[in-house]
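Take a look at the structures below.
Common to both upcoming complexes is chain A, partnered first by chain B, then by chain C.
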Partner chain A sequence: MTPAGQMLIPALVLLPLLWLLPGAVHGGGLALLLQFWVAALQPSLEPHLLLTALRGIGVTLAIALWSWLLSLLLGFGGGLLSSVAVSQRLWCCSWPALLARRLLALPRSLHELLWGLILLQLMGLQPGVAVLAIALPYGALVARVMADQLDALPVRPIEALSTAGAPAWAALFTAFLPPLWPQVLSYGGYRLECALRSATLLGVFGLGGIGADLRLSLQSLQFHEVWTSLWCLAAVMLLLEWSVRWLQRRWHQPLGCVGQRGLELLLLAVVLGLLLIPSAQLMELRWQELFSSWHWPESLPLWDVAGWMQPWLPLIGTTLLLTLLSALLALAITPWVLLLLCPWNGCRPLLQLLGLLARLLPPPLTALLLLFVLKPGLLPAVLALGLHNAGILGRLLLEGLDAQDQRASEALQLAGAGPRRSLLVAGFNTVARSYLSFGAYRADVILRESVVVGLVGAGGLGVLLLESLSSFAWIEVVPVLVVYAALTLIGEAAADAYRSRLLSGPLPLEGLNPAVGS
Partner chain B sequence: MRSLFLVLAVLLAPLSPVLAAQVLRISAIPDQNPERLNRLYGLVAAELGDQLGVQVRYVPVIDYTAAVTGFRRGDLDLVWFGGLTGVQARLQTPGAVVLAQRDVDARFLSVFIANRQALKDLKPFTSIDELSQLKDKRFSFGSESSTSGRLMPQFFLAKAGVEPKDFSGGRPGFSGSHDATIALVQSGAYEAGALNEQVWESRLKEGKVDTSKVVLLWRTPTYPDYHWVAQGNLNKRFGAGFTSKLQQALLNLSPDQPRQAQVLELFGAKKFIEAPVDQYASIESVGRQLGKIR
Partner chain C sequence: MLELRGVTVPGRQRPRIRAVSLQLQPGERVALLGRSGAGKSTLLAVANGLITPAEGRVYWFGAPASQQPLQRRRQQARIGTLWQDLRLVDELSVQQNLNAGCLARWSWRQVLLNLFSAQESEACCRALARVELEASLLVQPLGRLSGGQRQRVAIARLLRQNAELLLADEPLAQLDPPLARRLLQLVLDLGQPPRALLLSLHRPDLLEGFDRVIGLRQGELVFDQSPSALSPEDLHHLYSSSGLS
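Here is the complex of A and B:
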């Protein structure tokens, strides 16, 4: 099958979804849903609300900034530790790297929300919890990507340096850092966008920032207030996405004079550094408290057999089904909408706007909205996860299409091919491989994310976990976490296998790569 | 780029006030609209602060579980808990004491409500057995850990032979708060729901319920509910006798004083009274029965 064909295949997921739909629609809250969208045009502009929203956004940004920096530091260190190439240079054997790689898989295997809920139990209600909750899994993820990249670099330069008598560390830095640098910059920028989304989501679960305002005002059906927060969040998210993109483009091009890029980098580092202190104060981050008073629950019967007696098969089955359906939906939406609407000029702006909205609303909130018209169950959860991730994948697809050489499609159109045909042949065929491979990465993320829609009774492990947590049943919480972690590690391996079949080789970190992680 | 940093700088500018060493942190389960809670507990904090001469700060939490966790962890000193969350919190926090409840809390009750249009055939009833009519309906509780919005309604439903899996979609919804339950049932998003009777009555009085759309189905029998729970170490932290001073301050709230009257009105109570601890044994046993206390 042509690559473009493979891009369109996931749409088969619509068949089971459409089959489920008639039984799930109730439409009772259609008026509410309309009110929600109408309210988008009239966000509440009351001063104290705006102030609350700005403060919430500030805290969310502060959490994102701190956790992002921390995860880059952790990831950089972890990446060096788990790179076989580095290990061989330093210790002349590769097992330390392989061991580090295994160990780093553990923090990565749990979604940041789960980290947040666990750390909340250990450390209490404080904003540092959100920072650590994002930094730990992100750090492990960055470490893995770093290590993959390091190991894929050509070894000739470093061998030459070593032969010439350079010490191991110096040789490593000289040979590995420069070729890695642009990729680190590019990937790092995307991680910041991911951190902003994660910080918003953690807020929805009460870990600080604007997410809490969003959830509370949505739950109390104050739609005008919801939109005050949403528009603020949209502005910040767009601004961040644009400036990251702008910086990446700028630093990928050769700049005017020597040293300019370094100067700009230094400037950026200084500005970010200056933001750290006020942002820590804004979210009332108190490191000493964070680490001084860890507090385990009074009784923690971790290895009690009773907690392990769960109907694992249906639980895992539902979780996997939810993941599979959402991932396929996320993959299918954008290519199909593009294909159907592409003769119309407004198609791309429309998709960009819808994509922004999809990325903006954390999946549990989308799910709450969907419950106005759908019965609780699998379908609203699939739609919520699928739409959110379609927003992320769709943006990558649009950017990938924009970035490619336009001449092929122009030539096709001149030769008389319609816009659809030229989009298929010239557009989709070129980006399909990377789009699908990000889809695989994303499926992996969705598996982790499936816990966050437990809120709408989608079933699966997420529901059990949230219910156990609200009953303080530690005896159940631990087995669910262990099963979740095992499942995501297997999922990660499967996604990797699929990707390497698609791409045969590690991914380049440029362009279409932000889908790694959240 | 510069504009981004400008915006960031503006956003991050308002620095938080530095915390004094000893602050009494009060909180409450978020059972109503957040703006109402902010108004109410802002007043409570001001009142207690003036009476006790210590700094009092209201810490809003997003859900019931977070309030219990915050209390267990010692991040919250005095919390307005529901029946179930109060029991959960005290079971997990050695030394915690019950300070007071409202005059209405010893004999509290829930109401079941329904959307008039969706359930035309459903009429108000007086016998618990009629709850079985709610089978296969779209039904919403309040919060997962709410006593009047989930625990006791689920208990009474079970007595009438209705399990959570019997609702449409195979499970009930959880609206998150009592106000949300009213709004969702009124809109038709859910056909029926259960909530705190006091919130229902007060919204009726305020004219915030559209009675052409929502109808009261049934009032439950009574049970003990909300209460103030305090940490056991307050005397050590704030000086000898602090806990009893705090308790007196709550018990002495009177409608003669303008600010205290406002507090009482927002609480929907005439006064606070002492709360005998043993009355919550029944809540604990229902909690264990339904798996919310392990």
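Here is the complex of A and C:
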């Protein structure tokens, strides 16, 4: 099958979803849903609401900035520790790196929401919980990506410097950092976008920021207020995405003079550093209180056999089904809409707007909205996760199509092929491998994200874990945590294997070439 | 400056080099001849410390090659290698690449500053002038240079390293004849006393200017003599395929 064919096949997922739909529709809230969309054109512009929305955005941005910087620091250190190439240079053996890789797999395996709930139990409700909840899994993920990239770099320049007597650290800095920088910066920028989405999501679950406002407004059916917050969030998200893309493009070009990129990076670091203090004040972050209020539960029946007696097969099966259906839906939407609407000039702007809306709404809020017309269960959860991830995948697909060489497509059109056929043959076939590769990565993310749609009754391991943590049912927590972590790690390995088979080489980092994110 | 005593490096089917002994005195310029796979690159890798031989001993500047890391680095800082694939850092500018030759003697501060700003520009200009490149190239990213310019930058890096023993692994491969001769002359000039030069070649027509020539065949040293004493029979024996596995 051609690569383009593989892009279109996931649409078969619509068959089981359409089969489930008649039994899931109740339609009682159709009028409410219409009101919600109409309110998009009439957001509330009352000054106090605007101020509240701006303050919420500020707190979310502050959480995202702190957690992002902390995750980069953790990731940089962890990446160096878990890189076999670095370990061999510094300590002449690879076992410390392999051990570090194993240890870093655990923080990576849990979704930031689960980290948030675990830390909430241990540290109480405070802004630092959201920061740490994002920084820990992100840091472990950045460490893994960085170690992979370090290990894929050519070692010959470093050998040349070492045989000329350079100390190991100096050779590493000089020969490894410059080729690594553009990739780390590019990936780092992408992680900031992810951190903003995660900070919004954690807010939905009560950990502060615009997400909390969104959930409260939505639950009280104040749709005009919801859209005030959503449009503010959209503006920030677009500005951030645009800035990150601009910096990525700039730093991928060779710059004019020695160290220009380094100086610009230094300047950016200073600006970010200056932003840290006001952002900590904005979210009332107090590090000294963060760990002083640490407390373990009084009794932890970790190894009680009763906790291990769970219906594992249905739990795992539901989690995998939710992941599979959501990932296929996310993969299917943009290519098909693009193919159907591409002769129309407004197709791209429409897709960009829909993609922005899909990325903007955290999946649990989309799921809540869907409850206006659907009964609780698997379907609203699949739709919520699928639509959110389709927004992320769609943006990367459109960027990939714009960035590709247009000559093949032009040649086909000049030979009489219509826009649909030239898009299918020249466009899709070129970007398909990268798109499917990123889709596999998103499937891995969706497996972790399956916890966040538990409130609509989707079921599965993540939801059980969420409920166990929320209700202090410690007897269940450790067994479910172990099985859930094992499942996500197996999912990660399967997604990696599929991606490296598709791309036959080291896994790229972000964008459509870039295939890692959250 | 360099002495190898009975050095053997094992390979999969046969040793990559077997019981090789040689000496290099200050001011000597020695060519290493042999077919592809004869063991020239392995011998040079033993000479600069990249490979530790399974048997035999390596002496640098009259002392055994140290196993103690700091002492070994001090010894290696006096040995400069011109690699066949150059092994420059493409993402750095010409100046940063030249300064990479100074890493062994630089402090932490200088190593880090080299990544952000121009360091020791005058010395870099002098090194570029020695290899007949313009100073304006200093700020250029290495990726923008032609193949010949990159070769010269690699030679200039050796100048920045201020190495006493120069090793060169087929630096003229894949160059057109006029450029190959000019670059060879540059390297030979660099190998003037008190420095010493050991350079591997696969072309016996470029031996002018060398004091000695060493022949390697199937990892074994087959002759070590003056280029003027080299006979057509020696070369035939060195390059003939009979007896090769």
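We adopt the following convention: the second predicted complex is superposed on the first by the 501 of 518 C-alpha atoms of A that agree within 3 Å, B and C clash if a C-alpha of one lies under 4 Å from a C-alpha of the other, contacts with A are read in each partner's own complex, and residues count from 1 in each chain.
Note that a residue touches a chain if its C-beta (ideal position, glycine included) is under 8 Å from a C-beta of that chain, and two chains touch if they have at least 3 such contacts.
Because the structure is predicted, anything quoted here is derived from the model rather than measured.
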Regarding the shared-chain residue A:Gly418, is it in contact with chain B (first), chain C (second), both, or neither?
neither
Which partner does A:Pro343 contact after superposing on A: first (chain B), second (chain C), both, neither?
neither
May I ask you to decide whether A:Leu247 touches chain B, chain C, both, or neither, giving the answer as first, second, both or neither?
first
If we overlay the two complexes on their shared chain A, which of chain B and chain C does A:Leu266 touch? Say first, second, both or neither.
second
In the superposed model, which partner reaches more residues of chain A, chain B or chain C?
B
Which superposed partner A:Leu275 touches (first chain B, second chain C, both, neither):
first
Looking at A:Pro314, would you say it contacts chain B, chain C, both, or neither? Reply first, second, both or neither.
neither
Let me test your reading of the model: by the given contact rule, A:Gln126 touches which partner, first (chain B), second (chain C), both or neither?
first
Can you list the chain A residues touching chain C in their complex?
156-157, 159-167, 169-171, 173-175, 177-179, 181-182, 254-259, 262-263, 266
Of all residues in chain C, which touch chain A in the complex?
48-50, 73-81, 83, 85, 87-93, 95-96, 100-101, 103-104, 106, 108, 111-112, 114-118, 138-139, 141, 143-144, 161, 163
Chain A partner, complex, touching residues on chain B are 1, 3-5, 7-9, 11-16, 19, 30, 33-34, 59, 61-66, 68-70, 72-76, 88, 92, 94, 115, 118, 138, 144-145, 168-177, 179-180, 183-184, 187-191, 291-294
Quick one: which bits of chain A touch chain B in the complex? Just the residue numbers, please.
24, 26, 28-29, 31-32, 54-55, 57-58, 61-62, 120-121, 123-126, 205-206, 212, 215-217, 219-222, 236, 239-240, 243, 246-247, 271, 275, 278-279, 281-282, 284, 293, 295, 297-298, 371-373, 375-377, 455, 457, 466-467, 469-473, 475
